[in-house]
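Would you mind keeping the following structure in view while I ask a few things?
Per-chain residue numbering starts at 1, and chain names A, B, C, D and E are given in the order in which the chains are listed.
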């Protein structure tokens, strides 16, 4: 059944050791295009480590990860991002001194072409449509004259690619902020945002890089039930927009409610894989989570 | 009353992590704090042990206001925390880590006795006494962290996620040891993900959600509370 | 390239280099201790050394050293010089910490601020001595007449070289033992590896920090004595270049690593003497820095890696 | 905006108003003297400054109707500090002559500026040979250059020290390199080895090894006290017994002080006259004024000032006149007979070079070195 | 236990700056534009400064004082340096203690290729039978200086930018020293310790006929340097307000997170290094053509440290702050020459006091000031 679908990401017998500690032990699973896959397990089971291998932060000791049929291991994080993998962090890692919209624009930049010299000299000009020309709207005569000059010059010489990309980035960033529901906070510093908005901002920033795969690392941590419900909606919306989502989460209600399939890790090993319903009834999983019977390990 | 938190708020930068927590720990109790990741459990611990300054509120220990006392002085008063993420000193041997636990103590006989006791509780640590702590496995590091905390002979032992990353069998053991320590007279404040275990051992428990206490009760009460069940086990 | 000279007297040059590097190593320990715990470069440490040399000079002048005294008096002068130098340097180091760094630590200032403050302190100290003692070399009485202590494979090892190397090794060993075997040493390592956990064990961070500054200062004072015995002069800016080299040595060995500081210091001394022999003395600094860059390229955390603070690398 | 335009106008007036204050006086003028009056090598320069000050003081006392003032500018011996000073002096038309620079670097850096301003420079102590080869017509020095001193040193090494194996060391600076190159060329095959040390170097083991390997009997050192003193001390401690010869850069009381007993027997050459040999009552006057004997270049500073002062006395007022005055000067000074060659060097036949040796921590004039 | 001593002492100054800053930002854009133009006009007028009541600012208002326009020129060059170093330290967050190396490379580029006295030009003359007056024109030396500095920046950055912050500091410090020592020790191409004289200006080799960019009057030089500074301010602002500035900031704040968002940290750090180097080279170039003579001793390690101090004291990350720091550090020692020997003692003291009382710098960037404040709030009870 899974074979009919197109594999986006393939984790192939990945083992990772830190010193003497085996963090991941021969883990294999696949992620299909358009699905939401949950990755769960008790604290310290190796979920985040697995995640880090998939996003290129760690290099596995053996095994490999294929994304879109291309090898992902050994690639640098920014290259992996360019391949189409974006992620959020378990312990929020925004750029705290940048405003919300700037945070998202860092993401949009990864799809832009302006080089350093391009930003410096802005000589690469592009003809623009009339509606994109600078507006003349000031009531102050002096300023108005200046705006007219700017408009005319843009009409004749066009605008620099830098300017256009900057505007496109800003537009798109605002859209994404709207999508996650914090557009009214666009100009606030990331560090001043409430906790929940920071989590949402991380998602917006990751989406800004136009990924094929969005990896969410405990996005609901610290959320109250109402917020969790909002998140649930958001994740579904994102999936409906055509993204593939990998979700690491503790909150069972959320995981059970939103995912198509679930992979369960314990002690760096995969102990189960299946639909939420299958996982819910799996005795190994129950043992791992509830710790009721020791013999199941 | 051994420990009392009165309306404690705590901030990281501008973000408020605790919004007015009040809780009490009686002498001889095991009290469990449970809640999801990011709910403020660890922040509460850090407030008690003095790693983060309070934004407002008051902490009273043994009848004394310790709200602004430095962390190392709180240890001398008898509060010892085994930090989350294990927090062992990776470059030191197991033995040295345990010695660090007894850093503020001068009674060498008592220290030796406690060392015996810790090695008795965790024979694994004795086997690895000369090994650098950084090379231990996760479970062993956890044992070391708990053992180290015991070495200071605290009146109040703060345990932050002692079961994290441990196999069920070892979790069982750790909780047995916690119970044993408690029976020997140490008061324990426990932060746990593993709500099942924690609540079944604790005399009382508090449930935290986004930086505030939403429920309090005895361990058994909370354990049977359907809302708690659903939140932590994903089953209604 | 004068290979004949280098290989003709390789042993001699090596001993010269080791003696030179021993002093680097002692000063490097001061950098490494502070860096290991606080992760900051104490730029003022070079002046701590400088003040040590002037203290040694002051003590000797006070006791009337003139290079003609007997053995007992020489020993007394050495002891008094060590005491004076170590006390002056130790006190300076602790004072620098109290005056400059403590407040910045309370403000949790970024490392760059510490660096500039340290540079300011360093300027104040060296300029004070420049104005007070003049800007020329100040000669010191020759306490120990240099003699060949023994000859091994045709290499002459002089008494002052021997004293320098042995004293540096002994102090290095003592410090190593202190850090690794005593309760205070454990406290230092604990703060270096995990300051939060150390506080939870009851370690007073302020006291540990004062202790490492004091230790660094004492060692710089000892280095100042050795320097005075071997070179017999000082100057208001004697610390600048030496401090730079000592810091280089500390990084070379792996900053924060005590044994690394020793290794780095000795290696740097030897490299410099070799380079000066092969070419001319004014190329030795280039050789020193080139070696540093090459080592860091292949071992980004220095030869032995970071140790006191290994946990947070 | 109107305000700033007004300010601009005001400023233009104000700026232009700082000229010819001297023209009103019938006689006299203003001299600028620049050099390293603070910093590590100030000890070499202060006597010259004092000598010049003494000359001005005496002159003003003797000629109340012809006041000459002298303004000192401290460069700390740095070329980049000397340049803006040169601009200042060049633009301030009240300055009609310059004494300086005292070091070669600062002289080289500023001579083009002074030349462009038409200001004459009389240097008491800048000795680099190349200074008078750069084509500037305004530069004169009352001291022999390094080439001459180098030649003298060669003569001295051959005839007095009778060196067979000479080890030459310089400090990699303009002055040291220049003089040592000359010595090397003059000595030819008797040079047994060489090394270059660097500023603030502290350990000289490698150099000492080289000296030992060369089995040198004479060491010639071009440079300053801060490196020479420790080098000599370490070399003596290591058992090097070769004779030590330095140059005027070491003719500084700090040198024997820094090197201590090791300095005993060291010799320095200097194109400057021993105090006792100076003409007239200079030495006595200087000692009376400053409480110490004129050290290096005290007499030269005095001479430099005197040349200019006599020019003012003779009614020369403009920069051009003074420059011509110096060019044509031909008279006995306290340090030597002062007459300049076409390029601004003191006439080679008039150069006086002395050797001094150190005994008991003090310089003692030894003999005048006659150039062969 | 977090005592807050001395908080009040400089707060008057801080409040003053903050107040001015806020009021400034509150003005409409066009008014700010006019204000800025007026300020620029004042800067151009500065060498002629003769407003009664302000003349005490002039460095030649004291005995033995230095040429005012000359000092202003030095200030302008230092501002240029500070702008360049601010890109490296303030924007990209890299601690470069060897910036003087780039300054030296720029200075030596014009000296070696533009001066008739340089060994390189002389050997070229011999080789191609050129006239003895031949040397590479000043204007062509500009791109040469910038390119050489940039290339050396890349050569230095390639292996070292992978190192952690403190290692970078010592390696760059070493680099600066290596440049100086190599220049000093190699007589055959760099002129060695004697340095190189007769470095050309815009009007060619220095001579009495150069009436505008001559040896004596420094005013045109100041105006030239000021114009370059303004141009650079304009260009660096463009960088700051573009994806490049954003990427630098992101890398500084959280390198790993930035990398995961598709920013190539190494590339942007390298660009910061190269741009910083280019500006360092440009300022060295200006300095050398004005001085007409350079020698290796002018480029020692102390100068590098001074440069870093300018940026940090002024307020790193903010161009205005860095520029203010540069002006103060170049100007104050000149204005207070009367302190003579005590100048650097006082300077050191001032450095310590500013850092202790106002660690964010005199005119910090908004971001940096906030960062510092937040850091303060996060200190633990026992720390």
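Throughout what follows, a residue touches a chain if its C-beta (ideal position, glycine included) is under 8 Å from a C-beta of that chain, and two chains touch if they have at least 3 such contacts.
The structure displayed is predicted, hence computed values, not measured ones.
Identification of common neighbours of chain D and chain E yields C.
Using CA-based centroids throughout, the chain positioned farthest away from chain D is B. More inter-chain C-beta contacts link the pair C-E than the other of C-E and A-E.
In terms of Cα centroid distance from the overall Cα mean, chain E ranks first.
Rounded to a whole number, the gap between the C-alpha centres of chain A and chain D is 72 angstrom. Chain geometry summary: the mean Cα position of chain A and that of chain E are 40 Å apart. Taking each chain's centre as the average of its CA atoms, chain A and chain B sit 34 Å apart. With centres set at the average Cα position, the gap from chain B to chain D is 77 Å. The set of chain B residues touching two or more other chains comprises 13-14, 50-51, 70-73, 134. Shared interface positions of chain D, i.e. residues touching 2 or more other chains, are given as 172, 196, 198. Multi-chain contact residues, meaning those touching two or more other chains, occur in chain A at positions 96, 191. By the touch criterion given at the top, residues 55, 57, 76-78, 80-82, 86-87, 89, 93-98, 102, 105-107, 109-112, 114, 116, 119-120, 122, 140, 142-143, 146, 162, 165-166, 169, 189, 191, 205-206, 208-209 of chain A touch chain E in their complex.
Listed in rising order, the residues of chain E touching chain C in the complex are 2-3, 5-6, 89, 95, 159-160, 162-167, 169-171, 173-175, 177-178, 181-182, 184-185, 301, 305, 308-309, 312-313, 316, 341-342, 344-345, 347-352, 355-356, 359, 371-372, 375-376, 378-380, 382-383. Partner chain D is touched in their complex by these residues of chain C: 5, 8-9, 12-13, 16-17, 19-20, 67, 134-142, 145-146, 158, 160, 231-233, 235, 237-238, 240-242, 272-273, 276-277, 280-282, 284-285. Remark: chain E residues 28-30, 235, 238-239, 242-244, 246-247, 249-250, 253-254, 256-265, 271, 275, 367, 370-371, 374 touch chain A in the complex. Listed in rising order, the residues of chain C touching chain E in the complex are 35, 39, 41, 100, 103-113, 115-117, 119-124, 127-128, 130-131, 195-196, 199, 204-205, 244, 247-248, 251, 255, 280, 282-283, 285-286, 288-290, 292-293, 296-297, 300-301.
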